[in-house]
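Chain naming follows the written order as A, B, C and D, and within any one chain the residues start at number 1.
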Amino acid sequence: AEVKSIAILTPEEGTDYGWNQQGIDAAKAAAKAAGVEVVVAQGLGYGDVRPTLRELASDGASLLIAHASGYNTAAPEIAHELKVPVAIVDTPAGLEKGLVADYTLSGHEGAYLAGRLAAKMSRSKSVGIVVSGEPPSWNSQSAAFAQGVKAGNPDVKITYAVIGPAAYSDAAGGKRVTESVIASGADIIFGQGNGSSFGMLQAVETTKAADGGKVYFIDVIGDKSPIDKGFLLSSVVWNIEPVYAAMIADLRADTFGTKHYSIGLKDDSVQLLKTAAIPDDVWAEMQTVREDIISGKIKVEPIFDAAAVRALMTSVAQ
Amino acid sequence: MSGLFSDVFLSALLFGAITAAIPLLLAGLGEQMSEKAGVLNIGIEGMMLAGAYLGFVGAFYSGSLWLGFLTGIAGGVAVALIMALLCVRIGLNQIVIGIALTLGVEGLTALLHHFQFSRSYPRLPAADATVIPLLSNIPVIGPAFFKHHMIVYLAVALVFVMSYIYRRTQLGLNLQAAGDKPAALDVAGIDVMKTRTIAVLTTGALAGLGGAYLANVGAGLFIPFITNGAGFLGIVLAMLARGRPVWVLVGALVFGVCLSLTTAMQVAGINMPTDIIQMLPFLAVMAMLVLFGRRASLPAALGIPYERGAR
Amino acid sequence: MSGSASSPVDKRDIVTLESVTKRFPGIVANDDIDLSIRPGEVHVLLGENGAGKSTLIGMLSGLQQPDEGRILVDGKPTQITSPRNALALGIGTVFQHMMLVPTLTVAENLLLGGPWWQTPKTEELAARVAEITSSLGITLKLSAKVSELSLGEQQQVEILRAMLRNSRLLILDESTSMLTPKGIDELGALMRRLVGQGLAVVFITHKLKEAVAFGDRISVLKLGKKVGEIPPERLRSLGEQEIIAEIVELMFGTQGADPEAATHPDHTASFAGAAPLLQVKDLAVAQTENAPGLSSISFDIRPGEILGIAGIDGNGQKQLAEALAGQRAVAGGSIWVDRTAIETLSVGARREIGLRYLTDDRLGEGTVGTFPVSINFFLKQVGAAPFWRNGVEQRGEIDARAAQLAREYDVRTPSLKTPVGRLSGGNIQKVLLARELAEGAKVVIFNKPTYGLDLANTLASRQRIRDTAARGLAVLLISTDLEELLSMCDRIAVIADGALVGTVDNVDDARTKVGRLMIGLAA
Amino acid sequence: MSIDTAPTVSATALDATSGAATRRAILHRLLMTLGPILIALIIAGCILLAVGVDPLAYYGYVLEKGLFSPLGIQQTLSRMAPLLFLAAGLIVAFRAGMWNLGGDGQFLLGAVAAAASAPVLIQFMPGWLALFCAFIIATIVAMIWSLVPALLRAYQGVNEIVTTLMMTFLGTSLANVLVKLVFRDPGTTVPQTRTLPVEDRLPRLFDTTITSGLVLGLITIIIVHLVMTRTAFGLKLRIVGANPRAAVHAGLNVSALTIAVFAISAGLAGLAGAVDIIGVQGNVRADWNPAYGLAVIPAVFLARMNGFAAIGFVFLLSVLSIGGESAARRLGVPNHFTLVLISIVLIVLALAEYVDHRYNQSRKA
């Protein structure tokens, strides 16, 4: 089919150095590469996006990318209603030829790698995971990170903390909880959270580790180096452009909705961010681990369920 | 459980509880003053948010936390000024205006943040602490309670200042009269509008300061919707406290401690769904309401605009 | 009609009103009024309910601004823009409706108005209060919460407050309405002393005898207009009865002797032998934070009988009425209406049985001030046919019946849709009377039924109460006005400290006996 | 506490409806609503200019995408359905003088109850019956949730502003817990309830995308309006609201009425949630909270608790939120601007009402 324009819908503004920004940037890049137009509808919140979906469809979009798990009930419905292809996340079972494609993204491989990195780099042999909520995509990264840490060094203690009620924009809560986790001994924080992740970052920047040294932060999805003050150890960066590019290609080839799209280490759509804080030898070691994952020598199974993640944390903590 | 927790960690938890309690304390004290004078200040969430935004802007550009607190106060007062004008002077419905102001400030600060900071996400350095000699050396307690920014001690002192005002000054009498029987205050020769305006502006100042503390010290940065309902909690605390500033402090601390407790339970590895653990602070407040809330003696004229000579 | 033709400005005036007009939605409350207020004079304002007396003093005390005309203070045109301004000009007012903060103590109420930064000067106040109260002959507990005081005591606090302000002009709006006869005499003497010291006093009352006894000059308002003035010279030259006749002429256009001096007719005879309609035995009510309790109250009322309850305000009258009506929990004892025990029934159920209670708190609980007059007539019948059918309001029925009641009870209101709270006190009272007496009543409790009513309305209301009894109902009449009780009741019981201290048959020497009981002596 | 600003207006609003004058009154109302909205748009337009956006283009899109395009108007009307139920619930509470500020919690729990029950019930019974039962269940759940504030207010005199606010915080968390732990759809990784298939949801109106929840909402709010203004029960509630002491004096059972008010108000909020789920959403996702309550409260006040006027204001809110989102996207303004716009409209409308009231008073005098 002909593809004239694609549209992407995100719950928050595309300026978060994270999920929304990565999605929008990728859509723009993919569209540019394919020579199609792109419409960005951002900051839509987590409410009902049907009005926006319908409007974008009626404006002639050839593909609607519903870039939030909260949209994956609405988008397929609109696809049926208006016969317009949509792409949704976290719904592997939702494929429908020509109408619905799924891209379940999980950075668990990258997070595992980040865990190995943290185990290696932690001076105090104690790391923390701070999250502002427990959506599946974060859960899989939290779990994989913990597994990576334990695989790297079983003696490293892991502290897992969820911030608090209504925490997505709770920057103060992010900071408070991160400070507590640092006080419990952690000197590397693996943080996942929208607005609140900036609070985590601030905590890392302003709190000293037990040994008086720096605490490092490992981020996810986006690349916060432009705003880093020297505390960013790494990030599990997602590049979604190949996914969107493949979707456009599939649309053109009339194979849309017949396959799953994913990201992973092998095509660098999931990448561990290299910063100056990572010594070269450690980095080299990480590259070997990366190869092992790609080759299947190391298997990282994603765990999406919050209860399973907590169970894992308790068991690895012992 | 204590075996799990080091002194440092316990201190950090308590420290965090205080940090979380201070904005609630300031908002609660502010709301209490409005309510005493008969104004139900639902706009306090907006005042806090304005304080958070302007407070951060002030601190960020000047590099001085104190200046940030001042601009935060100014932000809260600016919103309070609109509230005073519309609800006290003209007598518009306090709930409509309160909610409208909150929505407006939410939108406006998010908008300003978008144009100003959404690429750079500036963050402030750590707030410098005023260490209280001797006391700060007590294990666990010392670092938790006596190593805060000066403004924290001032906020706690404010509790006693407020108590003094309410109990021992003419202003205290005026405020109470303005809330319980404004007409009586009026015929005693005191301007009800002025008294209520002062109360609302004070609320704005305190809420603004609370917001600035939340942004500058609590988070060290500003992001949209950062207050997250803290203002509404302030309203709850003020009503729970029934006109007594000390109870606002108690309520704020209980809330802060509950928040830290949720962190503690998670760190202790208690495998309970986080969502359930996180209901704890609200359950605590609800329990306080059930136990102590009876006949909460709210001012008789609360929410009713005053109009001289009206029948 | 009066001296309004010549300009009333006089060098001796403290305050002069020139052609003052004040309008409210739907009504001209004051219409082109001239008035002069002089030092050394008690200027009495008389007029029916709603004549515009309170409105007039509202303008003097800064609560309201005239729409037309001007006010001169010391001969200079002055705008009295606020109560604070009025106080500064030396105008002190005791308002008709309570103007105290119930949650503050007496002392705090008296201190209200000082500079905001100061600590309240309680000792200073105590000294000054002691000075004034001793000359006034009243005692007040400064540390008591105002909400714990009776209405009468509250009125005393307000008078005291006006005195503390060192006013040159003291305005008393119906300040005697809650006082005992002795209190009234004392207040009268006080007014005389004050004008003796050169103050001016404006005194509003509905009791002509008080007007004649204490006034130097009397102005009469009617429907917002000033219809006459009796200057001091003329007042001095006439006897009491002549003056009263003249006032009645001015107010009502009819001539008559002292209209209040009616004696009670005995209509119990026609119901002789009938069983009591209301029986109260050993009724007790627990004391609460701000109300006295009741102990072992017993009495009977037969059909056609009016039993009066006399006593100084705040001795448990209200508690008694509320306990009977079901609004207050009973701690012990029993109540029968027509041989049905009712002490466990709800307010509504007691009403069903035929018990009616006319409250003394018209605005606080008697009416819903913001609701139309028409609805207020039926507040206690919500849901009843024919005004509601199957729960649906029958507007036609309601309006028709409301119009009828308004006519019958002479309720003066711009319209039946006017919020009842906007009516003058007297007219609100008429709404209540109409409501309680309408239909199905067996026993009626009247709590201060004529408080605040003008003469014509007082007389009409009393007649209605007598008629009520004559229809064979039992009437309990609670009043602080001894004259009223003497002119209406068959028997009078005296209440003191929550107990009935004696019951007197209303025959020749009843006045002395009741008086003795009230001041704690044996009858 | 008895805040009696509410009944003040209700009593006068009651008066305003009489025969021939009604048409002129409605025209006047309309003018007094559109005028202020225009002023508000001008003020908000200045903000737009300040951030470099053409206000005319912005408003053009708001009108086109929220009102005048077939698609826009359908979206707007659909959005109204839950808001109407919420408004109806608030009318009952506010007229009875009770500040039920817990609408959002009640809404969410009603939504969860409906989302949990409808997909299950539909397997055992005819579709219409299943939906009906789901509505009932949602209503009852929300009613139960309001029991704590209701009992505390009725028997302990605890102010309901505090309790309902608290219960809303708690209710939001509880809804999450229920979605994640109890009613979670095992078939998805994302925590959400089972989805009610589109064809089993409330039917759409004719050939449009408008949910028939709109019709239910309109009927409900009109019934509520009539009950509150024309029946004995409504009058009793209004008496309690305007003067609780008078209610006691008149022999009304204030405690029972208080509980009834909370039950009805919360029940309607729960229904709002159910209508949104069963009509449009199909399921409840974890952390979902549209927080409609906060915007509906001022709308109900501006409508002076009059059901018909509330319909108008809810319509206005819907136009602004649907059209505002579209306009913001097209012109590159963050969507947050819609909040600013709604806020200004609310404030100017409140001011206009005051000016109007003043004008009427001085004219009558």
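Criterion: contacts are C-beta pairs under 8 Å (C-beta built on N, C-alpha and C of every residue); 3 or more make two chains touch, one makes a residue touch a chain.
Chain by chain, the UniProt names read as follows: B, D = ABC transporter permease; C = ABC transporter ATP-binding protein.
The shown structure was predicted, so the numbers you read here are calculated from the model rather than taken from an experiment.
Visitor: For the pairs B-C and A-B, output the one whose chains share more C-beta pairs in contact.
Guide: If we tally the contacting C-beta pairs, A-B comes out ahead.
Visitor: Counting only Cα atoms for the centres, state how far chain B is from chain C in Å.
Guide: 47
Visitor: Taking the mean of the CA coordinates per chain, how far is chain A from chain B in Å?
Guide: Comparing mean C-alpha positions, chain B is 35 Å from chain A.
Visitor: Could you grab the centroid distance between chain A and chain C? Build each centroid from C-alpha atoms only and quote it in angstrom.
Guide: For chain A versus chain C, the centre distance works out to 76 Å.
Visitor: Rounded to a whole Å, what is the gap between the Cα centroids of chain C and chain D?
Guide: For chain C versus chain D, the centre distance works out to 46 Å.
Visitor: Show the residues in chain C shared as contacts by 2 or more other chains, in ascending order.
Guide: Each of 369 in chain C touches at least two other chains.
Visitor: Pull out every residue in chain A that's touching 2 or more other chains.
Guide: As it turns out, chain A has residues touching two or more other chains at 13, 165-166, 306.
Visitor: Please set out, as single numbers or ranges, the residues of chain D touching at least two other chains.
Guide: 4, 169, 173, 180, 334, 336
Visitor: Touching pairs of chains, all of them, please.
Guide: The complete list of chain pairs in contact reads A-B, A-D, B-C, B-D, C-D.
Visitor: Using the touch rule from the top, collect the residues of chain B that touch chain C in their complex.
Guide: 168-171, 173-174, 176-177, 180-181, 183-191, 297, 300, 308-309, 311
Visitor: Quick check: in the complex, which residue numbers of chain D touch chain A?
Guide: 65, 71-72, 75, 78-79, 169, 172-173, 180, 187-192, 195, 198, 209, 276, 280-283, 285-290, 322, 325-326, 328-329, 334-336
Visitor: Note which residues of chain B are touching chain A in the complex, please.
Guide: Those in contact with chain A are residues 5-6, 8-9, 11-13, 15-16, 19-20, 23, 114, 118-121, 123-126, 214-215, 218-226, 228-229, 259-260, 262-264, 266-267, 269, 271, 273-274, 278-279, 281-282.
Visitor: Please give the residue numbers of chain C that touch chain D in the complex, ascending.
Guide: So the residues of chain C touching chain D come out as 23-26, 67, 325-327, 346-351, 357, 359, 361, 364-372, 375, 379-380, 382-383, 388, 391-393, 417, 419.
Visitor: Could you list, by residue number, the parts of chain B that touch chain D in their complex?
Guide: Residues in contact with chain D: 40, 86, 90-93, 95-97, 99-108, 110-111, 114-115, 224, 229, 232-233, 235-236, 239-240, 273, 275-276, 278-279, 282-283, 285-286, 289-290, 293-296, 298, 300, 302-305.
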